[in-house]
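Below: a set of structures, written as structure tokens.
Both complexes below contain chain A, partnered by chain B and then by chain C.
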Partner chain A sequence: MSELEEVMVKGDEELLGEHLGVFTARSTERRILKAAQDGGIVSAVMIYGLEEGKFDGVIASVTDPDDPEEPWKPRPVVITDPDEVLEAAGTKYTYCPNVSVLKEAVRRYGCERVAMVGTPCQIRAVRKAQLLPVGMRHVPDKIELLIGIICMENFPYEGLKTMVEQLCGVWMREVAKMDIGKGKFWVYTDDGEVKTIPIDETHPFEGEPCHVCTDYCAELSDLTAGSVGSPDGWSTVIVRTEKALELLNEMVEQGLLEVKSIEEVKPGLGLVEKLAQAKKSKNQKEIEERKELGLPEPGKVHEQL
Partner chain B sequence: MSERAEIQPTTRHEGHAKLVLYVDDEGYVERAFYLNTSAIRGFEAMAKGRPAEFVQVAVMRICGICQATHGTASAEAFERAMGIEPPRDGRLLRELCALGNRIQSHVLHQLLVLDDFVEDEKEKVEAVKRIQQIRKIGQYVVDVVGGEGIHPPNIRIGGMAENISESARKRLYRRLREARELMEEQHEFMKEVVERFAEENDLDMDEFGRHDQPFLATHPTYGDPDRLDLDRVVEVLPIEYYGEEHKEEAYEHNGQIPLYDGVPVEVGPRSRYVVFDGVDPRGVLYIHILRSQETLAAIDRCLNILEELNTSGKTLAEWEPRAGTGVGVHEAPRGTNVHIARVNEKGIVEDYRIIAASTWNFPVVEKAIEGEHQDYAEVIMRCYDI
Partner chain C sequence: MVRLAYVQLAGCCGCLVSLADTYERLLDILDEVELVYCQTLMDEREVPECDVVLVEGAVCLNHEECVEEARELEEKAETIVALGACASTGNFMRYSRGNEQSAPTHEAFVPLTEVVDVDYAVPGCPPAPEAIERFLTLLLEGKTELLEPFAKLAEGKTEYCGCDLMYHVVNKNMCMGCGTCAAACPTRAIEVVDGRPVVNEDRCIKCGACFTQCPRTIWPGDEAIKELVMGGEEE
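Showing the complex of A and B:
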């Protein structure tokens, strides 16, 4: 058993999706931790994969905080050079259509082993495309690894901007980092100030489609990384497939990742499961209400045909 | 006394056709009719009244195998009609895209004719595997450069919609080098089996299926409308070409028959070698060998283009519609593909004419078959990849 397999524990698969184990981890490289949102897991995996030739292209999102028109508006990119991965590090709390460049990665970039980071809905979309590749010819067999993030809801750019500028009183272009945690939405400015608002105040600005999503931990990913459950500077990692486990094992053995049992840290796996349950309950209720109105249930349209 | 024989449908070639042969007592063909029975789609009529951008994309649907050539010839026609000049890298990518298709198409044809020349199952399977590997690489070129292997959407009026990335360029180069090695083997194989067939059947490679028609080609790897004098081209209805006495056959040919200086001309790989390399055409079986040679040359030209390409270069010209008429010519795998477009000042098509590559060769196939034994009629027809 590897070091990783010794610290991994299993959680509730009804809430977290099928998985081999959960643990908490962070990158051991300072340059990654400086750019990362939490433990730098996604960046570390992408850099390792590109450097070792496991991937020949990764899809991530980059944003320019200083863009004069739309600061912090992300766009999806295909990265083939490991040195460019850190430009895409850090969470952007708004929509970024990563799947839209998947075909481009396989065509124009000629990639054959693509890794992608995405929200639970994006991961599901790619899995669907792998099963039924309409308009995705020659793409399904080239997906090497799907990295999911933990997601309660996402915000349209204008919604995020309202939250930051109106509710937190900070200009978008002054923002150095954003975060959601401990029941608050956090904005860190370039000159070191911190503004927070309670999470409840952000609800009106959520994306509508998020209200019918019951996937909290990207249940169809190869591995999922997120801040929930782990202390500051660390990420909770849920590993689902043998392929992902093998890759993470290699990284741990080579000293690229520091891992700990999630049972040794606060707030711990319990919080992840609690929030997963909350998302599923809340949104399933919304789905039921829509069904009463005669609207189809997402993901189950075929049952009504 | 001539006996009438029909081979319908003819098999192991692209499209739908039939052969009507009038043979003598010993079975030698006195008169051959190679009739295109493919259904009429009406692309020329469909184009009228529609925007140029739609037509350029729609015409690729003329053929699922050689779509790239129609998209290219159409783009060229509209560019010349409206005075649009694609940037250098767009023009290179366009040539590269269609060459990827040419490589795939040529070896696919070699797969179709395998049964004519090879009886041994093991030999056939080995050839098929090799052909499929080469085709995969040819299609990969079209996938990456054109955006999709079939009906590549990147071919646009004004150039190509996107450039390729540096990493893709390196990858394509490596793949094409692999393809070249495989193609060298395939070429040796084709030469061997064709020459073996000729020997076993006591056929003279120089004389068998030889015809006296002229050869037409405008460019070895792309297309050049300046080398096609349209004043010397006329398209006639089959009834005009075959005459009243053969109206039964004439009415079965769907489409018009293009003539150069009033006579049928051969187009395709052999024409390109005759016109540009001064090669002696020899007999009809030689086309297989020249087509194979042309595939090697196509791979070399692709490698060449990849070296010259600037992956940061502009690939699509900005343009405004204006009235005009333009001729686009592209050397498709099967021959000289001609698209002629007339647009109004809003860029709407007023008239559109297509002389698809294969149509030139239909009457030529007849000439090649005439004088040879009917047992070889289909073999001769298949030399033309028609």
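Showing the complex of A and C:
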């Protein structure tokens, strides 16, 4: 049994999706941790994959905090150079159409082995593109690895801007980092100031379409990463496929990832499961309510036409 | 062995090219069927009785023979599949004004789904080779449960075009801005702006790719994905 497999535990698959194991991890590279949101897992996997030739392109989102028009508005990119991965590090709390560049990655960039990081809904979109690729010529077999991120909901750009500028009192262009954790929305400024608002105050700005999604942990990913359940600076990682496990095993063996059992840390896996349950119950209720209004159920729109 | 016919109506042959674009896997498909009619590939003048007919292209209502050929398929074939957007949704044939020089008055082109009782429709211009392969594999294996969305699309209720994406996904508060529609669009008519698709209607050819590919319109089910995609079949 590998060092990684020794620390892996299993959680409730009803809530987390099918998986081989869960653990807590962080990158051992300073430059990654400095740029990353939490433990730098997504960045580390992408850099390792590109350097080792496991991927020849990764899809991620980049943002320009100094954009004069729309600071912090992300756009999707296809990255082929491992040195450029860290430009995409860090969470962006607004929509970024990562899947929109999927065909471009294969067709224009000529990538044969694509990795993508995405929210649960985006991972689902790519899986469907693999199963029924009506408009996705030559894409299905080019998907090498899908990295999901744990996600409760997302915010439209204007919503995020309102939270940052109106509620936190910080100009978007002065923001150095945003974060959600410990029941709060956090804004760190370039000057070293820290502003927070309770997470409850952000609810009015959530994207409504997120409320029909019952997938918290990107259940169809190869591996999922997120801050929930792990201490500051660490990420909770859910491994689902053998392919992902093999890659993570190599990274641990090469000393690129530091791993721990999630049972040894606080707040632990229980919190991930609790929040997954909360998302599932809340949003299933929303789906039912929408049905009563005569609105279509997600995934069954065609049935009602 | 399943007797398969391939009929071409008013179209460009692109769907047949897409079918052939499955490369060596085309041979696997051909191993599973007996091809009994296909004008491009074999010398057979009449569509014989068959189990499955794949129909590419739109029906020209000005062309009696074409309408008849389409209608006769109901008698000749057990299962009728509208392959590609011209047969499924109408596609750009909806805008066709004047056929080739020999028949310049031909201008009324409709999808097969408007003329005959179609069992399954596979939109896309053309449908990706992998989509055709998947569809045929599921059909030949009799996994009809997964084919239900294609059966529903065959009812031809609408074009499943960029407008439908607006009316039935964005306007119904379900679009989460993943960008799948933009990637699926063969004419780059869709751009994601502020997390939602903006459709350039002048460029939309009504091929149905965006609506069909959207994960919020038709969801095939997690189990199918775990079995057929994540189970290693694609490796």
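Basically, the second predicted complex is superposed on the first by the 299 of 305 C-alpha atoms of A that agree within 3 Å, B and C clash if a C-alpha of one lies under 4 Å from a C-alpha of the other, contacts with A are read in each partner's own complex, and residues count from 1 in each chain.
The rule is simple: a residue touches a chain if its C-beta (ideal position, glycine included) is under 8 Å from a C-beta of that chain, and two chains touch if they have at least 3 such contacts.
Just so you know, these numbers come straight off a predicted model, no measurement behind them.
Student: Between chain B (first) and chain C (second), which, if any, makes contact with A:Arg127: first, second, both or neither?
Tutor: Second partner only, chain C.
Student: With both complexes superposed on chain A, which partner does A:Gly268 reach: first (chain B), second (chain C), both or neither?
Tutor: Once the two structures are laid over each other on A, A:Gly268 reaches no partner at all.
Student: Can A:Arg108 be said to touch chain B (first), chain C (second), both, or neither?
Tutor: After superposing on A, A:Arg108 lies in contact with chain B but is clear of chain C.
Student: Counting only touches as set out at the top, which of chain B and chain C does A:Thr80 meet: first, second, both, neither?
Tutor: Touch partner of A:Thr80: chain B, not chain C.
Student: Going by the touch definition up top, name the partner, chain B or chain C, that contacts more of chain A.
Tutor: Counted on chain A, the partner with more touching residues turns out to be C.
Student: Answer with first, second, both or neither: which of chain B and chain C does A:Arg137 touch in the superposed model?
Tutor: Both partners, chain B and chain C.
Student: Using the superposition on chain A described above, determine whether A:Pro65 touches chain B (first), chain C (second), both, or neither.
Tutor: Neither: A:Pro65 stays clear of chain B and chain C.
Student: Is A:Asp56 contacted by the first partner chain B, the second partner chain C, both or neither?
Tutor: A:Asp56: touches chain B, not chain C.
Student: Under the stated touch criterion, which partner chain does A:Thr94 make contact with: chain B (first), chain C (second), both, or neither?
Tutor: The answer is second: A:Thr94 touches chain C but not chain B.
Student: Under the contact rule defined above, give the chain A residues that sit at the interface with chain B and also at the interface with chain C.
Tutor: Correct list for chain A: 137-138.
Student: If you look only at chain C, which of its residues touch chain A in the complex?
Tutor: On the chain C side, the touching residues are 18, 21, 122-124, 127-131, 134, 149, 152-153, 157-158, 160, 164, 168-169, 172-180, 182-186, 192, 194-195, 207-220, 222, 224-226, 228-230, 234.
Student: Can you check the complex and tell me which residues of chain B touch chain A?
Tutor: Those residues of chain B that touch chain A are 140, 143-144, 147-149, 162-165, 167-168, 171-172.
Student: For chain A, which residues count as touching chain B in their complex?
Tutor: Interface residues on the chain A side: 56-57, 78, 80, 106-111, 137-138.
Student: Considering the complex alone, what residue numbers of chain A touch chain C?
Tutor: Within the complex, chain A touches chain C at residues 18, 76, 94-104, 118-119, 121-122, 124-125, 127-141, 143, 154, 156-158, 207-210, 212-213, 219-220, 240-241, 290, 295-296, 298-303, 305.
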